[in-house]
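By written order: A, B and C. Residues from 1 in each chain.
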Amino acid sequence: MDIIVCIKRVPEVAEIDLQVDQTGKSIKEEGLVFGVNDWDNYAVEEAVRIKEKHGGKVTAITVGSAESEEVIRRALALGADEAVMVTDPQADGSDAYAIAKVLAAAIKEIPYDIILTGVLADDDGCAQVGVTLAELLGIPHATLVTAIEIEEKQVKIKRELEGGMEEELVVATPALFTIQSGINEPRYVSIMGIRKVAKKEVATRDLGTLGLSPNQVGPAGSFTTVERIFPPPVGEGAQILEGSSDEVATKVMDVFQKGGVI
Amino acid sequence: MDFLEKHELYACLQCGKCTGGCPVSLRAPLNIRSLMREVLMGGSPEVALDCPGLWDCTTCAICTLRCPRGLKPSEVIVGLRAELVEGGRVPKTIIDALEGTFKHGNPWGRARQKRIEWKGDTAVKTLSDEGEAEWLYFIGCAPSYDPRLQRIPRILCRILETAGIDFGSLGTKESCCGNEIRRMGETGLFEELREENTKNFNASGVKAILTTSPHCFNTFSTEYDLDGFKVLHYTQLLADLIKEGEITFSKEVNKKVVYHDPCFLGKQHEIFDPPREILKAIPGLELLEFDRCRERSLCCEGGGGRMWAEGAGEGERNSEVRVKDAHAMGAEIIATACPFCLLTLEDGAKTTGLEEEMPIREILELVAEAMGFDDV
Amino acid sequence: MAEILVLTEHRQGEMQEISLEMLAKGQQLAEQTKKELTAVLLGKGVASMADEVKRYCHHILVMEDDLLANFNSEPYQDVLSFLIKERKPSLVLMGHTAFGMDLAPPLATAAGIPLATDCYEIEVKGDAVIPYRQMYGGKMCAEVHFKEAPCHMITVRAGSFPAEGLKEINGAVEQVSFQFDKDYAYKKFLQYVEAAVGDVDITQADVLVAVGRGIGDSENLPMVEELAKLLGGVVACSRPVADKHWLPKERQVGTSGKTVKPKLYIAFGISGAFQHLAGMKNAATIIAVNKDPKAPIFSVAHYGIVDDLMKVVPSLVAKVRERKGA
């Protein structure tokens, strides 16, 4: 069972006051901490678990700046066997569709039975690259996958639906699955582990080596562009209760009382 | 060198002094003596990795201090944890602590930008961006982020200012000292933190480092290579400042206070007297002693990563024992000099229902009261 | 005349709320662009649903087939590709749901249609349709521009457009004539699995005390449970807490968990990811406690406390006890 897992390097934005940069189209990245997209981390773990159980090879692949090497090395340390990194400044400004084209081109040369991606990325939240990739490769897919069971030439999966429901499907391989968080408990990747794979080869590709022309990617090769970004408008919002912790607690009691709770 | 040689397991007499002193062996499935033997007989650390009590050890190091052969059983535990860390077989809460430290420089994974949140209105210069200073005050992760603890560094800053000490901090550049990280078995991450902090210490231009926490103090003094730096726990400096008359008290604290020795300050560094000298200098304060005090102090179970791992232990926690003992002897306050001890003892006060009767205070909070700092 | 196509969504014989929300927005867009609104309803035994939906659109295209009985992106994609080719809509709307996430990207890709996903607003400026979406977990909004094309596709975030304003149009039901040429054996629906129901049903509780990532550690749950107990409520959680298995999945509030409407909802340490907000924003009274004054939860809460939950919970517990004792 050969598995390809697609991962992305994203900024961690919890607790951070994000600022819009000069272009008005993206955020200021200065001072931000980057790491592997949370959903992708579950996908890498799932890939490695499948390999550990059924044998085969896991190839991690990413499209991004040179800094993306850190998430690729992390995937190797977690248990991926091979790594491919597509780096090309001409791919900057690509939308989900264009990124999927790049991944499809890179994957052409790699044998696989299944491809895993995260359901979505922490940054753009499109939930689009994985499924688009499946369509470009002409293989079936399922999104929001919460369980994978490998069978003969097919995979039995569960997908998450709304309202605490799930559905069970069987999908013939080769196939692509987008992995929902919580599907497993990703193992810890130690610094020693990352050091151990420091020398491991990461295959690098650019548009030229993938046989893509610049107008197939970036804004020219995209179906959508972000025109501007802006912080969410402040709605009516909550009435903020202020004061000492005792005063605040007293105010909350009034709310409780009004609501008939106490 | 293999694990057995590195930890000199062949030299173990199996005398059991280690387990005899262990503060968790009675309530957790951890027997360090037999664990040492299992590893020796098994010929590899692998045989001990499933021991359910591995994450119960608080690395208080009493076993190491008591060993007649000079072995370091507590380091065997750290070594076993390192094996688990490398294999990724780590409890989830520990993973969060390690990843939080790797990404954000603190085990709570809080944003680096917010590391100076504790300051409030306190003016502290940032070294070396805003000039140089004689002392570098290393705040520590818990006091930087934990709302219960944030007033501790604010108080210390005010005291230092009053005493005319020239000091600064690293601001948002300060990263976890790594003391607990190393003890959770993440050696690689510890090395990175040590490198980063050392670089920042060197760049700050200071020659002396002051810590809030005995844990930071411990690793800086014994596990960093800080030749040419003086490293002090705040109790040491404060005791001297009181002796020299640089700090004077204006109010009485008419309370019976029992002092709890933090393991990383007392047992491991024999800093028993400075905290007591500070407390005794506070007017009106009556200092009581636990039966188990100084080198025999009962560990609060907050060290060695236990802040991020519940452990497998059952029954009464040591912090609960401590609170009950203090209550029984008629103490009105338990004072300590460690952020972790403060938090775990407060938990113990809550779970024993003695929250009201038995307040837990950092020594600095009592000093602040005696100095008339009402608004810190 | 080009039309706006809305793919209605249903499961186990029930129309999903998102369908009506899209029809409401679709009506508005149709008016603004002077186009007709056409709904698509695919399934098996959906006649009564068709009667309901036709009230709100100019046309409803219905196809019934065993292959469409339960949602499967593959046959759905083939029918929709056919319809899009046939009818040349200028805009296709679909829910950003488990259904739309599976279907929209491959459909758009195969048909060469520009797609914007998870949009909370759609504006019309001149000839252009401009979708808005959120990024960075709701911390930024983005105005998205489509490449010029005869047709665009948008997946709509649940709860973005109120269904209340739906107008009666009373359109006509039209049957779709499409023949499947395969059995889609390579992707087969097996069954629905209901999430295990535990001893606590959060959808029935009047008071929910919900915890999020801010709880930090499962060790801190008991104090929250205590508060819930004092208030006669139960503890619920956001996705990260369920992912960490600190609380069982059936306690999770949000689009992938339960939708709740308690009298009182207290959110501790929940920043308010959209999928969570969608599950609880209709609570009668919402109190949010979060350290981050910019947390999106404060936009739906009625009362907010900007502070550490570790400080707030104990003070509330003490205060409730005091009141109850008095």
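Note that contacts are C-beta pairs under 8 Å (C-beta built on N, C-alpha and C of every residue); 3 or more make two chains touch, one makes a residue touch a chain.
If you're wondering where the values come from, they're calculated on a predicted model, not measured in any experiment.
Using CA atom means as chain centres, which chain is nearest the centre of all the protein shown?
A
Any idea whether A-B or A-C has more C-beta pairs in contact?
A-C is joined by more C-beta pairs in contact.
Roughly how far is subunit B from subunit C, centre to centre by C-alpha average, rounded to an integer in Å?
Each chain reduced to its C-alpha mean, subunit B and subunit C end up 47 Å apart.
So, what's the distance in Å between the C-alpha centres of subunit B and subunit A?
It comes to 38 Å between the two C-alpha centres.
How big is the gap, in whole Å, between where the Cα atoms of subunit A centre and where those of subunit C centre?
20
Please set out, as single numbers or ranges, the residues of subunit C touching at least two other chains.
Subunit C, residues with two or more chain partners: 245, 307, 311.
What residues in subunit A touch two or more of the other chains?
14-17, 185
Touching at least two other chains at once: which residues of subunit B meet that condition?
92
In the complex formed with subunit A, which residues of subunit C make contact?
11, 16, 70-74, 96-98, 101-102, 105-106, 108-110, 113-118, 130, 133-147, 149, 158, 185-195, 206-207, 213, 231-233, 239, 242-243, 245, 249-250, 252, 255-259, 263-264, 271, 284-288, 291-294, 296, 298-307, 311-312, 315-316, 318-320, 323-324
Mind listing the subunit A positions that touch subunit B in their complex?
Against subunit B, the touching part of subunit A is residues 12, 14-17, 31, 33, 35, 78, 185-195.
Over in the complex, which subunit B residues touch subunit A? Could you list them?
85-90, 92, 94-95, 98-99, 102-104, 110-114, 186-189, 191-192
List the residues on subunit B that touch subunit C in their complex, please.
Listed in rising order, the residues of subunit B that touch subunit C are 92-93, 108, 146-148, 308, 310.
Can you list the residues on subunit A that touch subunit C in the complex?
That would be residues 11, 13-18, 20, 27, 96-97, 100, 119, 122-128, 131-132, 134-136, 140-144, 156, 158-172, 180-182, 185, 222-235, 237-241, 245-246, 248-253, 255-256, 258-262 of subunit A.
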